[in-house]
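Two complexes come next, and they have one chain in common, subunit A, joined by subunit B in the first and subunit C in the second.
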Partner chain A sequence: MNDPHLTTTAELIALNDLEALRRLPNLDRTPFEARTLKSGILTALTWIAALLASVPLLSVIYMLVVEGGSRLDWEALTALPPSAFEQGGGFGNAIIGTLVMVGLATLISVPIGLFAAVYLAILDPDSRLAHSVRFLSKTLTGFPSILAGVFIYAALVVSMKTYSALAGGVALAVLMLPTVVLAAEQAMMMVPKKMKDAAFGMGCTRAQVIWKVVLPTGAPGILTGVMLAIAGAAGNSAPLLFTALFSSYYLTSLTEPTASLAILIFNFSGMPYENQIELAWAASLVLVMVILLFNILARIIGRRKY
Partner chain B sequence: MASHYFDHIDRSGSVSSPPSAIDNILDRGFRGIAWLSAGFILALVVYIVIEIGGKALPAFATYGFSFLTSNTWNVQTGQFGILPEIWGTLYSSLLALILGGGFGVAIAIFLTQDFLQGHLAAAFRTIIELLAAIPSVVYGLWGIYVLIPLLRPVANWLHDEFGFIPFFSTPMSGPGLGPAALVLAIMILPTVASISVDALHQVPYKVKEAAYGMGTTRWEAILKVMLPTAGSGILAALVLGFGRALGETMALAMLIGNSNQISLSLFSPANTLAALLASSFPEAGPVEVRALMYAALVLLAITLIVNAIGLAVMKFATRKFEAER
Partner chain C sequence: MNATPKTTVAGAVPAAPAGAVVMNCQIDKVFYGDFLAVRASTVPIEKNKITGFIGPSGCGKSTVLRSLNRMNDLIPIFRFEGKVTYHGQDIYDKKVDPVVVRRYIGMVFQQPNPFAMSIYDNVAFGLRLNGFKGDLDERVEKALKGAACWNEVKDKLKNSGLSLSGGQQQRLCIARAIATEPDVLLMDEPCSALDPIATRRVEELMLELKEKYTIALVTHNMQQATRVADTTAFFGVDISQGSRTGYLVEMGPTRQIFEDPQQQLTGEYVRGEFS
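This part shows the complex of A and B:
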């Protein structure tokens, strides 16, 4: 009867076994005890921090919808950027420029990134090359985007003697590459080993196993990574500043200065004209909608289980 | 011949077969391309360092190390120095780290320590992740037209009342360090939060159960058990967040005021390396471009070192838990 392991506190109280009760640690906690109070205050502070952290996102979205939405019409989407005192105008050429350069960057970075990921995840995961490429890819994800612009300026713009959509696309590709590699590697490593073993057992070569089993099975994860990389590239303006520069006209060739939404927002935001500032908000709204679309797509694809 | 060994097997009803000669050639080609692509990434990084380093070399020969310690940037006289930019880069990133890091870790705790139920936590995590999806220029625009007008009266009141404190020693007229650091904090918050969430998730569940079993309050468990156990992972999150802040460009170029001065004041305009590149590069002549290349090399060196440290800490953190399992 005196063994506290066999009896609950309530039973001891009922039995009025005072000696046994005294031997138990006090597990009751009152709300105004110092340690409970401290815990409660910290919990409240965490809630406040969490709510405060969502204020910027809500504020940005509110401003985009109110300021950008009021100006977003067909003219804004299709017309050319206005000059200083001109009214109206739009950013049609910037939309085309962004699409072309992001498309170019995707065409360059996805094949290279996929093949590199195949090497990292399946062909030779523990080789010295794989270890260093993995480390460098992770380092590159923290690579300042402006330096990608400096690099492409030095490597491409100087030798081509002109700012161009091509240089802009390549600069964005440099930034997309590590995201694609790391996401694709992750996705391919998730493919169950027994599926690969079964394919090898059927007499498949390594290329066939990768092409017919690993890539289709890992496709959702890979696509998620690609979508996120595209969303990141679309909003990135620093590398385009002095590779693609800007242009007030529609794109006619890949080797001439090219407009993009992000650079247009940057240029117009500092102008003292109401018209340009309104257009900067409208362009931001378009840009954010495209980026959020890709983010949501990435989430939907990524959620599908295989 | 070894192949005779299988000759008695009837393959007519089977889909399996040994690879043909063409299959083998394709296999070799495929693996060759994969090897080349992996090698390409290695070569790319080397090429980036060589290209920026090589273009910075003439300026390094001309200005030497005094480039890092002098604070004039004058194209007419050909005098270039980036001390104010180095100061601005480190100071703004540090302020962002204090604010964004604090909030980021708080949110990681909020998301992992049973503050919200499953689907609500997932929804909140999405909000934080979307914070990272908003482009830098849009934050810049928001900073100019929302944040600065909002901050200016507060800043000027602080200057009037507490002007003797060095942080408030100048009035705020417009763009400056304060709004820039605030936006920077918002931008690195998701990085810090998501890496910290991973670090907290790595702590074995039984560790938390054991703490609660001892009768700890929620915050005793968090402060004395969870945070110390996930400590190196959270440190990695903070270092990588700091690295992200160092290289952030567009929002800073729009908000920091691009002024070549060193001041402790939160409200005075300043400049950073990345913002200097963004604002000066497009219109620079050949002499200035050389100096800017040197500045780019300095930025590259700082960010590579900080990121390498962050990744090393993260690797150490992950390995610790793998050993325990």
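This part shows the complex of A and C:
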């Protein structure tokens, strides 16, 4: 034991020194010891949980492809919705309506959201106004979307005396705004202070620091947030119920009732007609693909260039 | 220009610069809120020389350096009393725009801080900012050569500035700073995040750069000051008032500061008796 000369296992075996062999540290794996087992079981559990988390999405997509795929043809994508006993038809106007209203909502919420985020992240992050806005935005992200619809109904539909694409777009913008603000603020906060210092040190004004360094550096994160907000808005039906309502015709003006995919699915899925139910499935598939497309775009754009 | 500053602190040894003084920093008091960070100190910066600032932690050497291009103005509670003359003009005068000051007095920071853009765009940044109309490619190449990193990056100018190693990033930052050909370069411990080989290269670079530029260098490393600085300013910390206030103890030719200091405190510091 006190021998300063360390003998290798092979030497000890050759010497047949069993006593010394027993004293050697045991470094073998012990798969059935309690702590090894516990670790293995816990690892397996995380695997199972991860698989379970993907089951709902995958089964929804499977259902949609099976049920909606058969009706997904050119007519469905371009024709107008059928009336009660009519055969055929489609939801072209609803696709246009959804794209127009989501586009409108993006045009409203992105500029406001970006400016608000600049204020929150850079200009005055610790002011009372900033703290309040941050708190309200976080609250608003969990806001029941139907209330946004009711709010815009009271604010716009009543005064304009008509349901409209405009009101629908504003309602969606209300829902998108907090997501855009918080994502953009987060992305701008992630820009390292040393980069801003470098820009100031080069002789940039505060506006130039924001415009030339903070926004380009934070752009991937900001775009990801915007894309996710768009995807969320595209699938939302509740805020449109009281604002855009529905229409069986193509959009001709922003101030008339407008069709959307979400409302079409809501209406048609509850009807007792086979044709309408099939179209609701196909419209659902289109909507999911649009949202998926935006999510994929968000990931591609979100990839850091530098 | 005030080439022979008067003694403002009892016992402090002011510099007696021999050459032309580009900047003369005459601090009366510098505050962060109520905290007196630096008291009366006069630091002339000579043309085409490297002026090293040394001293223990908290002695205000970085504060003084950052006062020279008004970088400290970005800290809301910072307050400067005194003046910094640059070609005879007080840069703390009300009519002076700090943004413009920083275009003439460039800065290299402790941590390499390239922008998240290509190597080329990093160097071209200041030129574009100033609305440069000439041959951008030529100026970028010249700046990168000036910062001794052209050979390493010439084939990957489109790559991210952040893809370079720490030492290369710091030389890229130097290239970015000299691309606009500023008058004075302020370097705030530019090698503290670099390994010894990269440090050596940046030091060699500083010696080349002083042919064209005037450099003020804060360093925590006394050997670095002896290797590169022509003039050295030693700052101390006064804790007698219950606070920690930095002040200039002694300034003079580097050789004199290290071999024949006039102040006892300077001698103790350069012999490594405290840090």
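Rule of thumb we're sticking to: the second predicted complex is superposed on the first by the 249 of 306 C-alpha atoms of A that agree within 3 Å, B and C clash if a C-alpha of one lies under 4 Å from a C-alpha of the other, contacts with A are read in each partner's own complex, and residues count from 1 in each chain.
Please note the rule applied: a residue touches a chain if its C-beta (ideal position, glycine included) is under 8 Å from a C-beta of that chain, and two chains touch if they have at least 3 such contacts.
Quick caveat, the model's predicted, so the values are computed rather than measured.
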item: Which partner, subunit B or subunit C, touches more subunit A residues; value: B
item: Which of subunit B and subunit C A:K194 touches, first, second, both or neither; value: second
item: First, second, both or neither for A:C204, with subunit B first and subunit C second; value: both
item: Partner chain in contact with A:S83 - subunit B first, subunit C second, else both or neither; value: neither
item: Touching partner for A:A116 - first (subunit B), second (subunit C), both, neither; value: first
item: First (subunit B), second (subunit C), both or neither touched by A:T162; value: neither
item: Interface residues of subunit A shared between complexes with subunit B and subunit C; value: 201-205, 208
item: Contact set on subunit C toward subunit A in their complex; value: 69, 71, 74, 99-103, 106-107, 109, 111, 113-118, 125-126, 129-130, 160-162, 173, 176-177, 180
item: In the complex, subunit A residues that touch subunit B; value: 25, 27, 29, 35-36, 38-39, 42-43, 45-47, 49-50, 52-54, 56-57, 59-60, 63-64, 67, 111-116, 118-120, 123-124, 129-130, 132-133, 135-140, 142-147, 149-151, 153-155, 174, 177-178, 181, 201-208, 210-211, 231, 234-238, 241-242, 245, 262, 265-266, 269-270, 277, 280-281, 284, 287-288, 291-292, 295, 299
item: Residue numbers on subunit B that touch subunit A, as the complex places them; value: 15-19, 23-24, 26-27, 29-31, 33-42, 44-45, 47-48, 51-52, 54-55, 102-103, 106-107, 109-110, 115, 124, 126-131, 133-142, 144-146, 186, 189, 215, 217-220, 222, 240, 243-244, 246-250, 253-254, 274, 277-278, 281-282, 292-293, 296, 299-300, 303-304, 306-308, 310-311
item: In the complex, subunit A residues that touch subunit C; value: 192, 194-195, 197-205, 208, 212-213, 216-217, 304-306
